[in-house]
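Read from first to last, the chains carry the letters A, B and C; within each, the first residue is number 1.
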Amino acid sequence: MREKLLYGAGLAAFLLLARNILVIADLPGEAAQGAIFKIIFFHVPAAWTAMVAATAALTLSILFLKTKDFRYDAAAVAVTEVGLAFLAANLVTGSIWGRVIWGIWWTWDVRLTSALVCWLLYAGYLMLRHAIEEPTQRATFAAVFSIFAFIDVPIVIFSIRWFRTQHPGPVFLSSTGSFPHDWTMVLLWNWVALMLLASILGAIRLGQEETQREIDYVRRMAHAL
Amino acid sequence: MEFARLVFVIMAKDLRAELRTKEAVNASFAFAVVILVLLSFVVESNDVPLPVLGGLLWLVFAFAGTLVLNRSFAREVPNDCLDALIAAPISGAALFLGKALANFLLVLVVELVALPVFGIFYNVRWTQQFWQLMLVVVLGTWGVTVIGTVFSALTVNIRLREVMLPMLTYPMLLPALLGAMELTGSLVTGAPIGPETVTWLKLLIGFDVLFTAASVTLVEFILVG
Amino acid sequence: MSAVAVEGVWKFYGDFPALRDVCLTAEQGACLALIGRNGAGKTTLLRTIAGFSRHGKGEIRILGTSPRETETRRHIGFIGHGISVYDELSALENLTLYARLYGLANPRKAALEWLERTGLERVRDGLVREFSRGMRQRLAVARAFLHEPSVLLLDEPFTALDDRAIAVLQGLLRDGLAQGRTIILSTHQLREALELASHVALLIRGQVAFHGPCTPEMVADPGLVYARYGED
């Protein structure tokens, strides 16, 4: 049942993405930046998806601490990993855009820096999990870390923004909004597609986590015999 | 009253155990000096603006502080001392605050010894705004220790603990370090905290308050699951 | 009211149930010996009773209250696998520390008294780091008895003890039982334990296979419980 649902959702995501890409390809290039501007249709929704994932991870972590139900822990890992993947997509697309427009792969711009620091924060979550053997302790410590990370995100973003306003970075050509209204719909539709994709990836990871738990259970059973 | 007494007992215990061997404090101070020397090959002290040196100082503090923080919960491991502390009629919050205060004082001592060395090596007249600088040092150090102490508890049973702690701590600490760097950078030029920099002071205080509250709330989960 | 009541307790490591529906009671003044093979869940059970880790389903009451209540913890003494004293501190400093944590009226006096009772008064200012193994164990015993707990939870207390420490511990446990303290101890040294025990519980794979009074024939033949209630 769950498998079929996954395949169905996968097909839907694929079709929606294909449709979106065709629509995006058909759009005229942006006045100042040309075709590269269209990367925004993936760049921005990827960041939104990552934010949704971080919020979900927070909720699931709190639920785990409250209930000690390992399904929440498994779900928290799944959404965090997927969120990290989408944040990475956001960073990479941002970097590609920067290469074309600014001529450099990386600059310590407010958004890039914030995204990178957040990425490192949540990568720490995965590293911490990886290093703890005992499942209950792993889940509990990871949940606590996830809550800390979520509290930190807004402070990180604020502090980096404030840092940059005091130390103006190199002045690049700024694209002052020529974002037609009907493009917003395309952007939102692509977000829907990416969210769908994220949910599928999350569901797959969740399944793997559950299998992992079963293996762990069987292994401990075998030791106990 | 009882709470404060228990916090004090734990703090006194950690300070006494550390000062008997001085392992962590000595290593931490030696490390601070080594970094200060190495940095001199990166920055030519004569033409580096003072604010940049203020930033370097906090990197040194953060690196050296980690050595003290690594020992904090590791000290409880060899004879299963943590068990006896958890068994004792003392709340997780009191245990945490006691250990955090001990760490805070130890890191502060290392910093206050390293500060004049820094002043001499880099020809910085850091005493111009002495009390305001001390305020920043205290606030920044508390931020480092509060996060460091919690994460020291999270990483205590982990392989590669010494590497893991800084990996988890530094991204989380970024806002606090940024604030402390900016404030120190401007204070060593002789300018007092003004409307330009007061936001950083607020950020630093906010960071300390928020994460102290989060730690005190969540530490019970770390200790007993 | 039982001094210790464990009712239908489950404890999970991940999905693995380390304790399965454990029910045990120990009345005031009783000495319950927990026996079972390695990995049967003895340590987990003692740690769960002591309130070191939260359990899943079920309920644990010590003197009628939860072991995580601060007030309850004043009445529990615990000896685990480690000695739970600091190597960098002296014997006296260690005991004074714990006396303070338990809020004893005169920490130093209590510490000195227990150093004497465990035969460590001569080395009271020596650092634990320099102690022999037997001395360390005796200090651990002093640490657990210092606050005169009415419930003692001892995990393999006789393992790794030298003869003198075993004698000290057995003497203290006998005195304690005579004063109405309740003792739960896990052990592989059946003979030492059964001499003290009033009750016996056998754990097999996290389940209680037998729980009942300790009879003279069990003391005479320590293997009896295993032979009768174990699986093989």
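Definition applied: a contact is a pair of C-beta atoms (placed from the backbone, for glycine too) under 8 Å apart; a residue touches a chain by one contact, two chains touch by 3 or more.
Only a predicted model underlies this, so the values are computations on that prediction, with no experimental measurement involved.
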Identifier of the chain whose CA centre is least distant from the whole-structure CA centre:
B
Could you tell me which chain lies farthest from subunit B when each chain's centre is the average position of its Cα atoms?
C
Cα centroid separation, subunit A vs subunit C, in Å, comes to 49
Mind checking the centre-to-centre distance between subunit B and subunit C? Centres are C-alpha means, answer in whole Å.
38
With chain centres taken as the means of their Cα atoms, state the distance from subunit A to subunit B in Å.
31
Touching at least two other chains at once: which residues of subunit A meet that condition?
68, 136
For subunit C, residue numbers touching 2 or more other chains are 53-54
Among the residues of subunit B, which are close enough to touch at least two other chains?
225
Which bits of subunit A are touching subunit C when the two form their complex?
68, 70, 134-136, 213-214, 216-217, 220-221, 223-225
Residues of subunit B defined as touching subunit A within the complex
147, 150, 154-155, 157-160, 164, 167-168, 171-172, 174-175, 178-179, 182, 196, 199-200, 203, 206-207, 210-211, 214, 218, 221-222, 225
Within their complex, state which residues of subunit A touch subunit B.
65, 68, 117, 120-121, 124, 127-128, 131-132, 136-137, 140-141, 143-145, 147-149, 151-152, 155-156, 158-160, 162-163, 166
Which residues of subunit C touch subunit A once you look at their complex with the stated criterion?
12-16, 39, 53-54, 56, 205-206
Touching residues (chain side subunit B, partner subunit C) in the complex:
2, 6, 9-10, 13, 16-18, 20-21, 75, 78-81, 83-91, 224-225
